[in-house]
Amino acid sequence: MDEKQNLYVINPNSSEAVTLGIQAAVAPLESMGRIICLTNPLGPKGIESQAQADQTIPQTLALAAQVEEQATAFVIACFGDPGLHALRDQTAKPVLGIQESAIMTALTLGQRFGIIAILPTSIPRHLRSIGAMGVQSRLAGDRALNLGVADLQDAGKTQERMIQVGRDLIEKDGADVLIMGCAGMARFRLPLEEALGVPVVEPCQAAVAMALPRIPLKQYHKVGDRHA
Amino acid sequence: MDEKQNLYVINPNSSEAVTLGIQAAVAPLESMGRIICLTNPLGPKGIESQAQADQTIPQTLALAAQVEEQATAFVIACFGDPGLHALRDQTAKPVLGIQESAIMTALTLGQRFGIIAILPTSIPRHLRSIGAMGVQSRLAGDRALNLGVADLQDAGKTQERMIQVGRDLIEKDGADVLIMGCAGMARFRLPLEEALGVPVVEPCQAAVAMALPRIPLKQYHKVGDRHA
Amino acid sequence: MDEKQNLYVINPNSSEAVTLGIQAAVAPLESMGRIICLTNPLGPKGIESQAQADQTIPQTLALAAQVEEQATAFVIACFGDPGLHALRDQTAKPVLGIQESAIMTALTLGQRFGIIAILPTSIPRHLRSIGAMGVQSRLAGDRALNLGVADLQDAGKTQERMIQVGRDLIEKDGADVLIMGCAGMARFRLPLEEALGVPVVEPCQAAVAMALPRIPLKQYHKVGDRHA
Amino acid sequence: MDEKQNLYVINPNSSEAVTLGIQAAVAPLESMGRIICLTNPLGPKGIESQAQADQTIPQTLALAAQVEEQATAFVIACFGDPGLHALRDQTAKPVLGIQESAIMTALTLGQRFGIIAILPTSIPRHLRSIGAMGVQSRLAGDRALNLGVADLQDAGKTQERMIQVGRDLIEKDGADVLIMGCAGMARFRLPLEEALGVPVVEPCQAAVAMALPRIPLKQYHKVGDRHA
Amino acid sequence: MDEKQNLYVINPNSSEAVTLGIQAAVAPLESMGRIICLTNPLGPKGIESQAQADQTIPQTLALAAQVEEQATAFVIACFGDPGLHALRDQTAKPVLGIQESAIMTALTLGQRFGIIAILPTSIPRHLRSIGAMGVQSRLAGDRALNLGVADLQDAGKTQERMIQVGRDLIEKDGADVLIMGCAGMARFRLPLEEALGVPVVEPCQAAVAMALPRIPLKQYHKVGDRHA
Amino acid sequence: MDEKQNLYVINPNSSEAVTLGIQAAVAPLESMGRIICLTNPLGPKGIESQAQADQTIPQTLALAAQVEEQATAFVIACFGDPGLHALRDQTAKPVLGIQESAIMTALTLGQRFGIIAILPTSIPRHLRSIGAMGVQSRLAGDRALNLGVADLQDAGKTQERMIQVGRDLIEKDGADVLIMGCAGMARFRLPLEEALGVPVVEPCQAAVAMALPRIPLKQYHKVGDRHA
């Protein structure tokens, strides 16, 4: 383990439960570097709209600034990647977003990826990001769980619904790799893979996996200061 | 003139000079509806990075919320459209962004559009937006004026440089319509068109032109409440 | 109202009923400029094929030439935009097509648009136009009413079928904004919006809304004479 | 040679010299079927704008209708393919356009094609067609000879300029296959290939080559009557 | 018939029955040139994976080298086109692949093509090729017969299933032209066209039809030696 | 370090010097897992054409099969990724290619990537791969060093030329991140970054960085057996 590695994973919402879920997701990667998960205390409970997502950006930038000195890299852990490019402007250190990393990872695991969204209202946001990434032709589909809060707290029901949505993405839309479109649900990844027979990407794992090796490679996203 | 029309044009930066420039730009459209230009007092002097752009979003949302009751439509007047989709989440009234409107307008005026950016650092932001809009194949090129602050205050030098960059977009990149990639410089539009012989879109004019007729058409961007 | 505004809206088919429907559609915009709707007396009753569409072009060009002097702008009011680029070649004044304008408008109202076509044979034509516009990645789907002439004259049946097709575009194809793929059916727009909860673009309204503000802006599509 | 083969190649402009050039171009293919070249007597001398191109469509449809009975297939021999889809609507027999066929052929000969246009005003028309075909990502560039009428009648000057434009397409735009963007200049094909070292597609040859084998294959473009 | 024409069609798999099927498919084109079909004796019985496809490439290159002197052109007759670009590197003579040719042909016969694949595992391979060709936006869908070996030997069952899959491609995916995604099944083409009412492209026919006219045109894919 | 990690990096060419270069490139990542570099003894000295690339595939598959039991993941270390999908068919373990990984990495480091190719003949191969990946709109340009063998052995000349080509990619094509289009030249990465001020991706590093974390995540590319 690289002693000097301090990867900060910032959860832009204020839910400690989600942060714990992120921590559990990336635990298998801890042998590769120190991973510190932060919760944005000013964030909303959950992020459901572009308005909510965008309003966390100044908060995320401030959180990152506080740990800038000891950090060697950052991950923004909200599907939708709010503040990803803003934080890349603020710091010269590597910054990964979980949506972008999940998609780049999925592109190496199958020909057409499907996204399991929590809410239907997130889908246009995803499509805008996927368009900005220029990878629309690899998207098979984006389908929402569309579960109420109560059902989402029932792990059995959630897993069952995830399998159903994943099956639709495979059978109706032609996906051969799936992405979980949310943070904090890594525990469903292996059961989903087993039930559906295709690789499933958990986005926090994908982002931390892409971030950790950048430190020994000294692969910063911003080499000189392109704004000077 | 429709008496009940109150189109609010929000300048996300704090420069009153830019707001006055916007006001001058859209003056020819005042016969079609009342246009009220607001300055974001908390914004930066100018917006040069994604970080700066994103940090204005909560401020723009707050400004818009203050005038929500009397507003019939909104325009966000910063090329890059910070907060465009967030404000569409917040209000059921029509919201246009000057970048999106300028591009949609340019697509009806030529086959390939060129963007005259102020700074080279803005170009990746533009490209992400254009990707999210799905219209990359219509983009001929995006080139920056790359002028220092002093030169930008010299109208003669600025116009000369705009013509030079516009000519490169036409001759080297194949543009047949140009977009001014900034607010507040409408006075250069007609001279540019005359010098270059192609249509030039001023983005504030484009957005206000698209926003004003939505009111008599009752064409709101959000019909029901898709978040309920 | 700008006294000198004379926007000519040309219906390329010979159906006066359709022209009256167009007139009704754009009536809410009459406060913004004088709108004159013309019927092409030599056109077919309705336009169902590329062959029929193309054969109207010389007629449309001749009609436009007759009113060239008093016109300040033109709209071609047939979904498919026959003659759009030809008329742009013929006149230096602004020319908008209802298909192009409807799509540019829809791109500001949702992430993925769906088209309600009258006939299935129109769909390949639409796809060619959408490809030429470079906006295929924003298209959710294009579905036909597929109603016989008798059913189309029954307003109740037509509206019911439009709602059904619109619902398929939303639920099966992922559209979050709809375009009515025909002229003369504006009366169904508000009921459709209410029934489906997404914005619906009526293409004649969209084109007239984009055309009217071009006059005070002196935003011609052809600045110099690029053919000289 | 199939006795019953009568491939009609229609030149939409009225220049007999161009028709003779087309005839010479396709002569090497005469062993594969009978090829009859027609001139549109009502067409313009040359086609330089979308308006001119579109106005030939009714004439081309009429010419084709006159020979419908004895024809086994049609080629429309004007780069830009005016009336291609209209004629496909009118007849159940195979119809090829020289632009479409040249592009499909070029896609099998290199990774990125360049077009040598006669006039700069043709380029937006080409781009719209290429967009409608969905093959923009394979286009390296489209550059015009931009020669006056006198220079175009000087074979030496024309060839020299074609080589120069071809070289720019290869060296500046990255083309590895070229398309001659006009009918009637087949005599320059082999010299161009020799001078530039890349394949050059002559569009009339490409279209006739694609059309002739369709007869023995009975591969009609329209199987049933999709308009019924 | 051109006496010097020797078009070699190489079947990369070792099934003589498939080679006979190819021969039957292209028989109607024999009046246009001599067509010689070869079987790759070292190939697998059938090609079901990318690994199998790629392993035939050195064998195909060796086969082609053996007949290089007498050959005037080559066709690689396996959907997926294994070795297409490698053989283009090895010989200066025209080389066509049946997948590429079938797609280029289909693009002249309809706006959106559907592929009838044999196995679902072939679909990602097809999608990679279609992406490399840059024609994804023209693809309606790719659906597999998914029949066992026994059922595939039952012509009646196979044809019935092809019609069913073709109908899904038309009705669910919007295809208006179909491609048979395999070699050796040409006998089903006309029944499919009749049953479904859209053109159906048999890929060996498409490739041979594109290859034969290249000889009299002396249209080689490699003019100079770009590797020297 | 995970004791059970054995990442096999296969160099498809027979140059031990290149394998040593790869080993040096990935040395900084050795703290994250055991990395074993193999040379393909049957490969060509260098891979310059699609024919050469494809002919290594059976050899690479055989090499991988020999170490299948002890391997936990594979990297194919030739830009162009020959055999990438074939090896994914052969093994259920993670397989990464250096071209694919370099591009996925670059997409997180800039908006438009440029590729520094060794030879101009590689560029069409790159474009086909980039098309198959569906990321053409993110490609700024692909330019070749075009150096002879002697010059390539002169480190000073090579570095100077790389900087020159990199500068062209940035200044003429608009790249803001560069990819070294070859294996074994990692020692030029940091000097290039310093000289040019943009991130530079070394593809072997990129692939190993993406491969290593997949083991603790148990993120295999093939979950069930989709071929059964």
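All chains are identified by letter, namely A, B, C, D, E and F, in their written order; residue positions are counted from 1 within each chain.
Here, a contact is a pair of C-beta atoms (placed from the backbone, for glycine too) under 8 Å apart; a residue touches a chain by one contact, two chains touch by 3 or more.
As the structure is a prediction and not an experimental result, all values here were calculated from the model.
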item	value
Any chain in contact with chain C as well as chain E	A, D
Both-way neighbours, i.e. chains that touch chain B and touch chain A	C, F
Numbering shared by both copies at the chain D-chain C contact, with half separating same from different	same
More contacts between chains, B-D or E-F	E-F
Length of the line joining the C-alpha centres of chain C and chain F, rounded to whole Å	50
Interchain centroid distance [CA atoms averaged], chain D/chain E, Å	26
CA centroid of chain A to CA centroid of chain E, Å	42
Residue list for chain C, restricted to those that touch at least two other chains	110, 124, 128, 131, 133-134, 136-137, 176, 226
Touch relationships between chains, expressed as pairs	A-B, A-C, A-E, A-F, B-C, B-D, B-F, C-D, C-E, D-E, D-F, E-F
Chain D - residues contacting chain E, complex	1-2, 28-29, 31-32, 96, 100-101, 104-105, 107-110, 133-138, 176, 190, 193-194, 196-199, 201, 205, 208-210, 212-214, 216-224, 226
Complex contact set, residues of chain B against chain A	48-55, 57-58, 61, 83, 85-90, 120-121, 124-125, 128-129, 131-134, 136, 226-227
Chain B residues within the chain F interface of the complex	123-124, 127-128, 131, 136-137, 141-142
Interface residues, chain D side, partner chain F - complex	110-112, 137, 174, 176
